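Each structure below appears as structure tokens.
Same chain, two partners: chain A is paired with chain B first, then with chain C.
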Partner chain A sequence: MKVLARIATATAVALTLGVSAASATEITFYYPIAVGGPITKIVDGYAEAFHKKHPDITVKPVYTGSYQDSVVKAMTAAKAGNAPDVAVLLSTDMFTLIDNELVEPIDKLATSDADKAWLKAFYPAFMENSQAQGHTWGIPFQRSTIVQYWNKDAFKAAGLDPDKAPATWDEMVSFGKKLIKKDASGNVTQWGIEIPSSGFPYWLFQALTTQNGAILANQDGTKVAYNDPKVVEAAQFFADLSIKDGVMPKGIIDWGTTPKDFFEGKTAVMWTTTGNLTNVRKNAKFAFGVGPMPKKVRGGSPTGGGNLYIFKSKDKAKQAAALEFARFLTTPELAADWGIATGYIATRPDAWETPAMKKYAAEFPPALVARDQLKDAVAELSTHDNQRVTKALNDALQAVLTGAKPAKAALDQAQAEATRLLTSYQN
Partner chain B sequence: MKQNRILSPSTIAAWAFALLWALPLLYALWAAFHPAAYATRFEVTAPLTLDNFKHAFVAAPFPRYFLNTVMLVTGIMLSQFVICTLAAFGLARWKFHGADVLFALILIQLMVTPDVLILENYRTLQHLDLIDTLTGVGIPYVASAFGIFLLRQAFKTIPKELDDAARMEGASTLQTIWRVYLPLAKPIYVAYGLVSVSYHWNNFLWPLIVTNSVETRPLTVGLQTFASVDQGIDWSVICAAALMTSAPLMIAFLVFQRAFIQSFVRAGIR
Partner chain C sequence: MNIHIQGWLLALPAVVLLATFTHIPAIKTVIDSFFSTPHGTRPARFIGLTQYHSLVADPIFWRAFTNNLLYALITVPLAIAFALAMALWVNGKISGRAGLRLAFFTPTILPMVAAANIWLFFYTQDYGLLNQIGRAFGFASVNWLGDPTTALPSLMAVTIWKEAGFFMIFYLAALQQVPPDLYEAARMENAGRWQVFRRITWPMVMPTTLFVGINALINAFRVVDQVIAMTGGGPDNATTLLLFYIYQVAFTFWDLGYAAALSTVLLTGLAAVALAQFFLLDRKVHYR
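So, the complex of A and B:
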């Protein structure tokens, strides 16, 4: 209970006396819960395994709610001088954390040759959201992409090839029209497709913009292209799926219950994170397929999920311990273990060569889909003042999807708002 | 008798509203006692199960969270009673310089949402060495402006003659409060206690931010384990967990329902 207080006192004493506290370093580790299952127990297990390997370091894992709650908690604690040593936060929180001067560039801490090799060991698509201003700020930990899941039985019943998911935008519509089922009174009992649009519609929408050849933000996070004609076209297509073509339910589709709709046959195709794989595998009572995103001018999906950040601290021993722990969590063996336990994509190629992962992939080939899609993946939308800049796009999308505003007007407005917010960062 | 049988429009409306309000609870009951497959399919013959409760119960150390929540809400309520009573008495009965300004300042606190103060409160607690303690979770709420306001208004309506009579008998200030003011304002205490307990039973963000360990975290933070946004939400387990955590409060309300409602009615008449 008073552990933190004790660390604080110990640190203060160590600092004033100039004594190194390395002999018994305790670090705190904040992590959010974004997937079901006994995640807290898995993480506690990792912390214990780490302590066994490094008896001089004790890790105190603290689960911090959703990603949103986690960043609020981490920033509050850090600003009061009580920062966690390591935290898993959204990769898109990077600019916010940099602008508030809360996190340490990892390349400044990881300077040995082995460290440099470690920083290069991850999939480049994941590093796009982890690097800015010439530094590496985050280590990929629980990362994902969007994939499509389809109900093979429903495809068969509709006279479609059960082994082929829609591969193009045109097929999304034409398959969807065949898959629609209505009851006697004209109510739809099975939709062609569901693309969730609650909470963070920008993420799923970014798959559409990527496929249409648009990039939403620059690498420095200082500019966005919300009203690029290709983005407007993607928004129009998104809205048309329900309003014009009638293959998707009208209005806002809830992220949290989309998998449930899929299990219950209310939709034949759903788009959601690869993090859902384990859930679908457990709950789908029919043959299902997992496929990469369809193409327009190209394929592709944004990456998503959380990175490990190391917070600024005056205590070098703790930072070194934090780095050691981050390295431990991202070894090929642990990356594989975490991927198998949760459904996230193991973050480095050599994790897929471990015996455990090979066995898992052989038993359950859909696990490979998201990994193979990484070559087409782009960085998730992330800018300075990320919350507000992203909210502008979210609001515009929901207005378009509910038919409240035409695509062009809504996105022009979002662009103006985002530009206003980002002006102070453009120099 | 006969008149009672005829349903007046207001009775019908009351029932309709009651049903509307009860719907989420009724749904939670349905989802919690049936397998996940029936969470949104309502068939009378659906099999009943307690598995959801089992899953929910092992997912987090709920007994400990229960204990923490109970200690937290009772601790906060008792401290609020003491502090608000004394402050309210001073403001209601004593004439001193700046009393009105002081009261206005206290009222201003009502208009500040606690969420904007999170960082400042956290800093203060950090200095007091109270991070990750139950005291730390509760202390920002102890000097409640709402409680002071409510009790001050109640004390003002108590006839001064009763106060004077007690003094004549030789009662000290504290004795007067204890023997005269407290009994007469009892309905207010019950009403305010109810509001306080239910607010802190449900409070989430502040406890999450200020606590780090199982020993100090309340139920609401434990419930968060089930909000697995990356995987879709298992309504059956969530409903089971939600029922489990809100049951004590609901049962308490049902048991003390008559007392609660009477005290609200009396508080209103006064």
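So, the complex of A and C:
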């Protein structure tokens, strides 16, 4: 009898728990980590703060590895019918997610006047990678641009003005030549500049093409201009930096070790994401500067980084909860907090008016460089069948940089490949 | 009759597991390779041999294929030679034999990704270990993984380093199986060391060499970890190997139909090698 009573009580408890759990909504949030710092702790803190504000919604944050791992995990989970409700994925994954019909257009969910104002609150440069086919598919969250970092001590030693970064392509070469240092046997011990070319060389290359006045892809992601003469000229310049002018190391320069090269004094200037700002601030043992990209016919850099996507779901309560969470993560206060903690650019102008951000910017002015560059920024290369179309350009660039193919021939080939891949999307 | 049922029942758990996780997926892969890749609401449709036609026309596939062939032709003999040399050395009566055996075996214990990261440090330009040593002797710094001519050989070195220690264990076992009277007879005949190796050791370990050779060959076509960890297939596909390319097509490009076709080609090749092993093993590799 006693046993029976106990079972009855247990069942009753279980039932009540079950009911209360059903009345609340639980959503899953996938996020990658691409920069240093205690990111997991910060994200868990955001989820908790959100739960306090909305006690009926519980957010389950799931760390999913690199950007590449994260999109693989999200797509596999979705194919198995278990998609995350909201996820941070590359802004350039947009077309892939649309073509696989995995994400919901945010403007279809966010319909109130307040929502419409929210969608207009972000920097337009970030929205370029978030909109296509007349819809908004992603909300800017952790976004960046490319900036140049330079070693002021090395500039001084070479007789250059330590407060002036190379401002033009010509200066990249002329400063570089002055900055080169060699040992007794003629080996270079300090390079003039490093622009990484492993993994995703197209992104850094896109800074050069932008400066030369070219746009690599159309807004709908159905056409690319890989063999535009301006693009060919940019590729030639990129390769010449090492092959002809000798101011940059030969061969492929690894993305991951470039900051280390900079800290070790192996290079006096490096190009990398503004997301590395906190890393450089902590590890550079010398005075360093952070500057916008140099100019050719114009300045500029592509944007980069991740957007928040809301996945398709039959459960309307979950979608509403996901939208609420996305809204929470992109309030001016949180955007500022996230930017300060990581080095990403706070995604909306009013975030820069918050007291916390004003204080941070006053203490550390280099944080403003990437933001001020946004007016010259363009959308990161993104098309349908994105990974493949981009790989064609990556392969061509690596061939040009290693001297295996001339720029024109390599890019003609990449253009042919990309055109072949994109034909089926051009209707 | 009864004994047949019993036998099948005993084999059943293994058969079920193998079928679920190996045979059925393999067959499904072959079937999938005749269909287009489904996208969203566009379902897969039968397209016959189209995937195979694009495979033949795909320059990256051929690049991966030749890279892989080179990889096998160079790493397999070298790994075998090193394994045998090490086994012969630590099989002799030398002091610190156990320590030496352990040292040779250590690379095998390390997970490939960890090992690849160690080698990544060796290969780093300018301040990597190899370049620092090179510099001490006045050589110019080499961008090992960033130059298409050195990138693939650099990956091969990692494979040889990792596999030789593992294969050494097989050779050690084989060497201990060689009857000592053969060596005694050779000594009485005043045979030289080379002659002893050529006429006794080498033929006696032949079955092991074949076994190791086949396994090394299959392994060479299954390399993927160090490519992902060290080069990502670059520069310009110089280090793209077949399995890595399949992974890329399937999980980066999401072209599952084409990935199925590539897998079918790889699977057929490997099955042929495995069949050759069974066929050859029954033939004259045993010294009688």
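Here, the second predicted complex is superposed on the first by the 404 of 427 C-alpha atoms of A that agree within 3 Å, B and C clash if a C-alpha of one lies under 4 Å from a C-alpha of the other, contacts with A are read in each partner's own complex, and residues count from 1 in each chain.
Quick note on the criterion: a contact is a pair of C-beta atoms (placed from the backbone, for glycine too) under 8 Å apart; a residue touches a chain by one contact, two chains touch by 3 or more.
Treat the numbers as computed from the prediction; the structure is a model and nothing was measured.
When both complexes are overlaid on chain A, the residue A:His384 reaches neither chain B nor chain C. With both structures placed on the common chain, the touch criterion links A:Lys230 to neither chain B nor chain C.
Contacts of A:Glu101 after superposition: chain C is touched, whereas chain B is not reached. Using the contact criterion defined above for the overlaid structures, shared-chain residue A:Arg348 touches neither chain B nor chain C, since it reaches no partner. In the overlay built on the shared chain, the residue A:Lys296 is in contact with neither chain B nor chain C. Of the two partner chains placed by the overlay, only chain B lies in contact with A:Asn283; chain C stays clear of it. Looking at the shared chain after the overlay, A:Thr257 reaches both chain B and chain C. Of the two partners chain B and chain C, it is B that touches the larger number of chain A residues. Of the two partner chains, chain B and chain C are each touched by A:Val72. Looking at chain A, you'll find residues 72, 199, 257, 264 touch chain B in one structure and chain C in the other. If you check the complex, the residues on chain B that touch chain A are 36-37, 39-41, 59-60, 118-119, 122-123, 126, 129, 131-133, 205, 208-209, 212-213, 215-216, 221, 224-235.
Looking at the complex, you find that chain A touches chain C at residues 68, 72, 75, 96, 99-102, 185-188, 197-199, 249-254, 257, 261, 264, 266, 385, 387-388, 394-396, 398-399, 401-402, 404.
Put simply, chain A touches chain B in their complex at residues 1-5, 28, 33-40, 60, 62-67, 69, 72-73, 76-77, 79-82, 144, 199, 255-260, 263-264, 272-273, 275-276, 278-279, 283, 285, 305, 343. Within the complex formed with chain A, the chain C residues making contact are 39-41, 60, 124-127, 135, 138, 140-141, 143, 145-148, 231-232, 234-237, 251-255.
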